[in-house]
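Which chain is which? They are A, B, C and D, in the order written, and residues in each are numbered from 1.
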Amino acid sequence: MTRLGILTSGGDCPGINAVIRGAVLKGAISYGYEFAGFRDGWRGVLECDFIPLDRPAVRGLSRLGGTILGTSRTNPMNDGGIEAVRESLQFAGVDGLVAIGGEGTLAAAQEFSHAGIRVVGVPKTIDNDLDATDVSFGFDTAVQTATEAIDRLRTTGESHHRCMIAEVMGRNAGWIALHAGMASGAHAILIPEHRVSTRQVARWVESAHHRGRAPLVVVAEAFVPEGREAPYSPRGLDTFGRPRLGGIGLLLEHELQELTGIETRATVLGHIQRGGAPTAFDRVLATRMGMKAVASAAEGRWGTMVSLRGTSIVNVGLGAALGRLKTVPEDRYREAAVLFG
Amino acid sequence: MTRLGILTSGGDCPGINAVIRGAVLKGAISYGYEFAGFRDGWRGVLECDFIPLDRPAVRGLSRLGGTILGTSRTNPMNDGGIEAVRESLQFAGVDGLVAIGGEGTLAAAQEFSHAGIRVVGVPKTIDNDLDATDVSFGFDTAVQTATEAIDRLRTTGESHHRCMIAEVMGRNAGWIALHAGMASGAHAILIPEHRVSTRQVARWVESAHHRGRAPLVVVAEAFVPEGREAPYSPRGLDTFGRPRLGGIGLLLEHELQELTGIETRATVLGHIQRGGAPTAFDRVLATRMGMKAVASAAEGRWGTMVSLRGTSIVNVGLGAALGRLKTVPEDRYREAAVLFG
Amino acid sequence: MTRLGILTSGGDCPGINAVIRGAVLKGAISYGYEFAGFRDGWRGVLECDFIPLDRPAVRGLSRLGGTILGTSRTNPMNDGGIEAVRESLQFAGVDGLVAIGGEGTLAAAQEFSHAGIRVVGVPKTIDNDLDATDVSFGFDTAVQTATEAIDRLRTTGESHHRCMIAEVMGRNAGWIALHAGMASGAHAILIPEHRVSTRQVARWVESAHHRGRAPLVVVAEAFVPEGREAPYSPRGLDTFGRPRLGGIGLLLEHELQELTGIETRATVLGHIQRGGAPTAFDRVLATRMGMKAVASAAEGRWGTMVSLRGTSIVNVGLGAALGRLKTVPEDRYREAAVLFG
Amino acid sequence: MTRLGILTSGGDCPGINAVIRGAVLKGAISYGYEFAGFRDGWRGVLECDFIPLDRPAVRGLSRLGGTILGTSRTNPMNDGGIEAVRESLQFAGVDGLVAIGGEGTLAAAQEFSHAGIRVVGVPKTIDNDLDATDVSFGFDTAVQTATEAIDRLRTTGESHHRCMIAEVMGRNAGWIALHAGMASGAHAILIPEHRVSTRQVARWVESAHHRGRAPLVVVAEAFVPEGREAPYSPRGLDTFGRPRLGGIGLLLEHELQELTGIETRATVLGHIQRGGAPTAFDRVLATRMGMKAVASAAEGRWGTMVSLRGTSIVNVGLGAALGRLKTVPEDRYREAAVLFG
């Protein structure tokens, strides 16, 4: 009987469990496959630590956030290497691998594939910054959660005549900020792809204020204002001097209040964006990607990853997601910026 | 100064207000346009009943369900005709029209366009059954609302060991049932595009029951079981003999309980699927479509409608949405049916 | 080692699982008790069908709707009787019973208690109609779910200038209608405790309509208009002539449209009100009640049930909940009726 | 015609608008009153800056977060004094005042009342720390919002085997932490009323970790660990040296990771807890309080405030809420602490 391994690597993301469920159900029902779920990403592969995944094991998973397999930062290239992975898979009786992960995992998967290990990739990034797929699962949930939180901030801003800043996720790309900002009617959306000065942000804030609005700024964590060298480090420093999330939100709170004289408050949405039950959109996308990954394995399309194109789930080469990030293009930013007004 | 008219026609749909807001803000800020919002769809056009739509008028609209302009069933071809519309628009000083509506409105828009009236269409259908766009706004909200409701039904089913049936919207196409059914892990999804017998449904229900699950059936309102002539009428009869929503859910409740001996309960989700605040996905899609509609007008692309292709909003001819419905293709149904197990 | 049995009987209700978790954790940690969870209510007791409930078994239960123990309509007085229950509990090695249920279960518990069987009750009613507790768990979730659904109906009503009717649960008492109606700003709230004629309802609807509002009516399933003999049966008839939920909503849809000439649409919220994750309020209330039930057992307060008084969980005699229903008092109805305008 | 003034003072809180709506509708319909809404709290009173509040002005307010009247930190005793308020109210033609606010506003109201100014108070505190009412509006929404966010954090903790910390509001009392912690199944709840050492917290964290759980800590912003002098200031310091929210969460993140070796992440929920649409519970409570405040005015019960006792809204003297805070009593903390296990 064919046995496929599944691993989930990197940061958690709503929809991972739906991928696992889709893969196992498709494999069990359409092909009679069995599945080994490696625990904690590549660590489980290298240590041959896995659990059997049958139909009862994946019950109800489509609406469960996180990953039941756990995850870790183990890097298979540094911590083991190709031969260790190959041996471990053989020992586990695994004929092929479904690797659910981000750029690092897909890059490793490509190397393994070149070395003859059978692997299919499923792109996972809450930031939506992997190329070669229209959208990745988890992104819709992050945007929805951020938007609901920002809706809440708005009523406080209006009651107190304050400027509210919401710092959202986005390490390299501003997709969450762009979409949550459009959805919540932000007066400024700040993303790493498009640097502007804090003076410019202050002008947008003042413009909204003059129109009688409570200014709302949505900023991606990796945004760096024009003319600064990110002295707060890309992710800021906490009160103990360690780098951490929240830097840019606090910086803007301080500078915008100085520049505009308007009382300003920042909220760092943080981890709530990546946890919890996925939206229906993400459940459907993730389920379809999991099913397609196993269908790809059954058809021998090793060395590929699954991808959304329009409304179809297709295969693309593993390399298609690598090399360059999918950042927000200038025309999408300009489209949104019209509304800053 | 250029003045555009806006009208919203047909059933309400989450995101209409975000289209209006996107159109007005884009027009006011980028082009200096002013806007006349016709009240209650084509009735307002024919009766020259409109309100001015400026920036303050569209504040906060992206998260508001329904349409602030109101809607009606007035058919401009029957109730007025081309010349009445032309005269009315001239009288209102309107240079061009943004028509937000379904197949009927887009067909009328096409006729008006052929007669020299300037019009741009925005496709609106909660059922997602208009061709020429990957997805229409409102659909994502309907699926999310249905999925949350079905998640609630599931816990009751499991506690009482019952079969639960959720009847969702879908007059001609089963998209809502397909997506909400996949998202909620349904054991059977019944859509008008793919007729199966109630005996087949009963087998799926029994199979889930034998695996220890509380069977869950998601059915589109327009589904007709194989071998029946829809004696309950496409939409069923209520206790007063009038046609109404809910027919197929009740029929299945009755027949599945008879066939399987499993206690069965149907819930008709009804209007809650089309009301309320849109999801972030729909707010972004609708805002972008509204902006694009006005940009199309500014560029003189009259006679087109806006459309989502992949991640881009593009123009297609008004005729592209007409003539045939976008129904669920067989491969999408088969993809989902694997999970019925 | 002391072993307590737990059973859940009657309709499911958000928070039952939180009661179970609170009881088991309190018993295991504070007293070293072990627990037997009887399956499907009194059926499990009579058939000695139970599962062990230890700490791992109750993980994560506070936010899970329904009951993991299952439920049934088995009546212990008819289907077994006192001696059968006594023998079964002895056979299971159970020293005392925590009975989570409605009026029927609490009445049975009282009889068992009089016969010397050790039992503590936890009142369970989604309708909030049990006397001797300020509020029962599950009610807050039902009101919240109904209110969110009614908020959605309102936008449709306003867009189409329709009168919207929401039929909510409430077999004997109108608490859900009263609270969901106040929370959603209904123009009429109809409850079984206070009969009014459909003509009066029509006047309220017309009054709201004349003020430019989309009339909103919230009606409890058991409401019977003044002057009628409930010919539709308390719960109406479906298209197959069987009694079912939905009767009064449909009747009102028909009659109000006739009387007012305003297009009217009814939605029967149905089972979604009793399923799904409990609100934080219900999780806290249910957890505290479960803990108190076990503390009561430890203190030998058999023959009592737990109850919310103000902000305290107290013990009252099992008889306190029996004999009469807690219906909506006239002053609470009048308080709400002011807002009908 | 009798004219009442309404003002909202201090931090915003879900339900304020429902109080305003309840007061205006009750006054207009039952007594024929008219209303003046002072803008931005006491500032509007002192500057005689008000808007008329009639029925159309309060449409749809029960589900709108924040306050449409705005708020400010103006202190009427410091910034104006009794005579300034008296003159302003006379100039505005106001016969009596409904003051919606926290301890400061209620204390001022009491002084004004002693000086012969007619005032009725409505207690407002998101922290639920005002005595003389079982619960204040806004608290339920804050707990619900915090609980939903913590549910999201939990899936991330479980996927990454991390300890997650959620810092919630609570300047002087730990009610939000207590309820959100119970509702989300926290392994430690830290409140200012009950100091424990970080070593004790570390033991709870390790205990949960050893049982295979992802430890979850819910901490009120004002908690100070035993043995510390709050060197981080009660509210911590941000990266610019200014006091701000978030101190204790970050401190615990640092110390618990040091003490336990378990990867730990803190999230400061911040302003999302006080904004947005109120829960149905808060809508009903706030509406009833607003109505009762006006009924109290009509009955001449000046110098009182409204209060929830059990399920009734009653009047208590304004002084009843002053003098001492309603903190979490020891038995409520112990009740919850059993579950830390």
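The definition used in the following text is that a residue touches a chain if its C-beta (ideal position, glycine included) is under 8 Å from a C-beta of that chain, and two chains touch if they have at least 3 such contacts.
Just so it is clear, the structure is predicted and the values come from calculations on it, not from any experiment.
With steps allowed only between chains in touch, the distance from subunit B over to subunit D comes to 2. Here the spacing of subunit C and subunit D, counted between their Cα centres, is 29 Å. A separation of 41 Å divides the Cα centre of subunit A from that of subunit C. Put simply, the C-alpha centre of subunit B and that of subunit C have 34 angstrom between them.
In subunit B, 148, 151 are the positions where the chain touches two or more neighbouring chains simultaneously. Contact between chains, per the stated criterion, is found for A-B, A-D, B-C, C-D. If you check the complex, the residues on subunit B that touch subunit C are 8, 11-12, 14, 16, 40, 64-67, 70-72, 145, 148-149, 151-156, 158-161, 164, 232, 236-240, 242, 244, 247, 250-251, 254, 265, 267-272, 274-276. For subunit C in complex with subunit D, the touching residues are 21-22, 25-26, 29-30, 55, 59-60, 62-63, 134-135, 140, 143-144, 146-147, 151, 179-180, 182-185, 211, 213, 279-281, 283-284, 287-288, 291, 309-311, 335, 338-339, 341.
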